[in-house]
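There are two complexes below, and they share chain A, which is joined by chain B in the first and by chain C in the second.
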Partner chain A sequence: MNLLQQGAEARLFAANFCGRSCIVKERFPKKYRLQEIDEKLTKKRLSQEVKALQRCRKAGILTPIIYFVDTTRSIIFLEKIDGETVRQHIVSVRKMQEDSSYHSIYPMAREIGKILAKLHDADLIHGDLTTSNMIIKTSDNKLDKKTNEIFLIDFGLSFSSSLAEDKGVDLYVLERAFLSTHPNSEELFSVLLDAYKDVSKKSSSVLTKLEEVRQRGRKRSMIG
Partner chain B sequence: MPLTVIGFEGSANKLGIGIVRDGVVFSNPRHTYVTPPGKGFLPRETAKHHREWMLNVLKQALTDAGLTHADIDCVAYTKGPGMGAPLVSVAVAARTVAQLWNKPLIGVNHCIAHIEMGRLITSADNPTVLYVSGGNTQVIAYSERRYRIFGETIDIAVGNCLDRFARIIQISNDPSPGYNIEQLAKKGNKFLQLPYTVKGMDVSFTGILSFIEDAAKNKTLMAEYTPADLCFSLQETLFSMLVEITERAMAHCGSQEVMIVGGVGCNLRLQEMMEIMANERGARLYATDERFCIDNGAMIAQAGFEMYRTGLKDATYEDLLEESWCTQRFRTDEVEVTWRDP
Partner chain C sequence: METFNLEPLLSDTSISVALYENVTNASKLKTLIKDGEIHAALIKAEMVLDVFQVLVASSKAFYAKTLNKLKTKLIYTEILFNLSPSNKISECFKLFGVEDEATCVLVVARKEDFSEVDKHVEGDICPLSKLDNLCDKQYLKKLYKVTDEELKVCSLTDCVVSQMAAKEIR
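Then we have the complex of A and B:
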């Protein structure tokens, strides 16, 4: 197996599963933390990831198909999504554009907002929403037009909850990662949130919570 | 022409005054306000401590450096974030000497100063930064003229969590509660599972604190676990979370350098864990010791130096004096970083 990259908590390999090219995600033991902590986290995250990937598909959210799970070695075989991460996509679009604006990818932001609305309406919290954990796949359809599909990945920190607080924090985590990774993307992110608002049935309580979490951050005193 | 900057720091319970000339630390004395076990430091008393020690520490900074005020080109002080009264007490002193000596006065963001001191001492070029102290817990990376915050605590700071636990079990605050927890943790070996709350690149500590506070007061549990075991379990859990979010930010940003700054950053167990993580991904750790990790005056001087030679090089004495106020809230990403490549 070829090591593709070392992600945030797993190693990703390219492999073959019954003739299909696939991604192998291995959660290897992290030696910096106690074995008691490590084993518990690894086990929990593997099972959360598997559960969430299945529930997403039921909710009509695009995610990689699971081919095989090996819990003793903490390995998942996943369908390989041909595309680039949304992070890479945004960075390259911005490089190409002279005015370094994000206008051309407003449709993508809207699509992401819709997907997150669906996710939260199914009472699923992703737990690690960043632009590195979304893959954009571009394909040509019959009319010679390009269509973009967005896949959500990396569900190790996910859990199920119907609380507006958990959904608000999920969006807050994304907001900060988004704005820090992509300078001057405030408008682009608000396009995403607007789409979330339009689609989600419970958006008003979630967005109130989002604002509350933001305020907590701003009001926190910082000593030392 | 060499540029000599004196820096005044007192945003929390440490009063520090340091002199830096073109990246060389000439002096960096400090005096800490230590409270009795079980007690934290309050704004009024801390400000009083700073005022009482100001002249002593200032004299020592000049004597240690072998310089007089005539050798100083610029005065820097902590503008924020921090506790109001201590910040003001130090800003007033800095403003007074700036006017007495007729030198330009520069207000510095405390968090930025930690980062710039770390970069100066370790020579790290463009690291992902874990900034951990009594009031802050942030994962930071630089891009396009800002230090951007990728991860943060969503409630209390890690140092605050440690300090408050130290108060519960009545550990000494001398030299600091964190240091004494670190020493006691070395004697612990029985691990108590604590809540573990990571949200992407963010963390939360209040759940852990209230859980371990209850544990410390629970007599049946304490028949099984010693205070040392609790310190050990607390450190291992908190630091695992910090290393995890730092690694997540490194993977996200594609970074191969990591630097720890801030008072909690001198904890050797945290440094050890971070180093193992870094090695596992072929990255490099940069860390400093308590002289530069813990709040000090030289870090303020160093950040002031960077600001003075770049963004503020054309500012007049009067403009700078006019701008010399302080603020309790001052986010790391508010400052335009004029001294680094965009």
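Then we have the complex of A and C:
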């Protein structure tokens, strides 16, 4: 087993589980928290992640398969998705464009919009939507670029909600992530939102809330 | 018959999985296991879609044993319990356990114990790939409540395995 990444919340290892390559996600104890609270919070995050992964699949969203769960050590074994994060993909594709534009990424943005529409229509909130929490799978057939599949990952902060406010905030978090990670990506994000609107059956209230949340943020004057 | 190592959880444990058809002594084998004379799990072959399903159930069972957290008496009964979506032990045995008149049996045992188990089975060993033909996929789909929407994004094996792995989290 080799360490792939050490995050604030968990360590990720690559391993082989019964012949399949997998990711081992270990939520380690946080010494800066009171032990009792840490144990409860860690178990809750593990449980939320597992439940969300299952519900996503039922809603037709690509997510890693769960291979093993150890609630005692807060470890989860997940299917390893071969590919790169959407963040890495956007950065590398943009570098190849002479004009540094995002036009070639529009189809992928539309795909993400569709996925989020399915997620929110199933009353699931991801809780931490960023381009690093989406993986674009390397398709086996290199010529057929249209079949690149996008997986959603990292559901530790997820919860279920039918409120437009929660869905609006979920989208807002992604918007902030886009704008801070990928410069001048406003149009790219609006392509994503258009696809969301087309696919979602409950989008109008969500998009209204998104606009409201945008007005609230940092350095905004709260004149209503 | 194929052998698998249960890494990374238990890298020093290996299990052997074998599929037998034309078995004539399923009932006798069950008694031998119950009496502790042979150490193996007997699984209804029609309920297994892919050997990976069995590997996941076995890893969980062997691991639980090391932590002394078996929900059933033996590792081998635990494997049956882990294969089932139900938390009722008796229901698990009924669904995945082998019937007395069964002719197709999947056997799981520790690598070291396998040859001893094999001696007692009166049947013909056949390749594990046959499981795909034998499996009652429709029944498995119904049992695990797998929807067509789900099957658009992953295989039936993956849906089943995911549910098996996440069974305790409700």
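Here are a few things to note about the model shown:
Note that the second predicted complex is superposed on the first by the 209 of 224 C-alpha atoms of A that agree within 3 Å, B and C clash if a C-alpha of one lies under 4 Å from a C-alpha of the other, contacts with A are read in each partner's own complex, and residues count from 1 in each chain.
In this text, a contact is a pair of C-beta atoms (placed from the backbone, for glycine too) under 8 Å apart; a residue touches a chain by one contact, two chains touch by 3 or more.
If you're wondering where the values come from, they're calculated on a predicted model, not measured in any experiment.
In the overlay built on the shared chain, the residue A:Thr71 is in contact with chain C alone; chain B does not reach it. Of the two partner chains, chain C is the only one that A:Ile61 touches; chain B does not reach it. One of chain B and chain C touches more residues of chain A, and that partner is B. By the touch criterion defined above, A:Val213 reaches chain B but does not reach chain C.
In the superposition on chain A, contact is made by A:Ala15 with chain C only, not with chain B.
Once chain A of one complex is fitted onto chain A of the other, the partner contacts of A:Val173 are limited to chain B, with no touch recorded for chain C.
Contacts from chain A toward chain C in the complex involve residues 1, 15-20, 24, 46-47, 50-51, 53-54, 57-62, 65-72, 77, 79.
Considering their complex, residues 6-9, 30-34, 36-37, 40-41, 87, 127-130, 132, 157, 169-170, 172-174, 176-177, 179-181, 183, 213, 216-224 of chain A touch chain B. Listing the residues of chain C that touch chain A in their complex gives 4, 6-9, 52, 55-56, 59-60, 63, 67, 69, 147, 149-150, 152-154, 158-159, 161-163, 165-166, 168-169.
Per the touch definition, chain B reaches chain A in the complex via residues 11-14, 81-83, 111, 133-136, 141, 143-144, 146, 148-152, 154-155, 157, 159-160, 191, 193, 196, 198-202, 236-237, 240, 243-244, 247-248, 251-253, 262-263, 272-274, 276-277, 280-281, 295, 328-330, 333.
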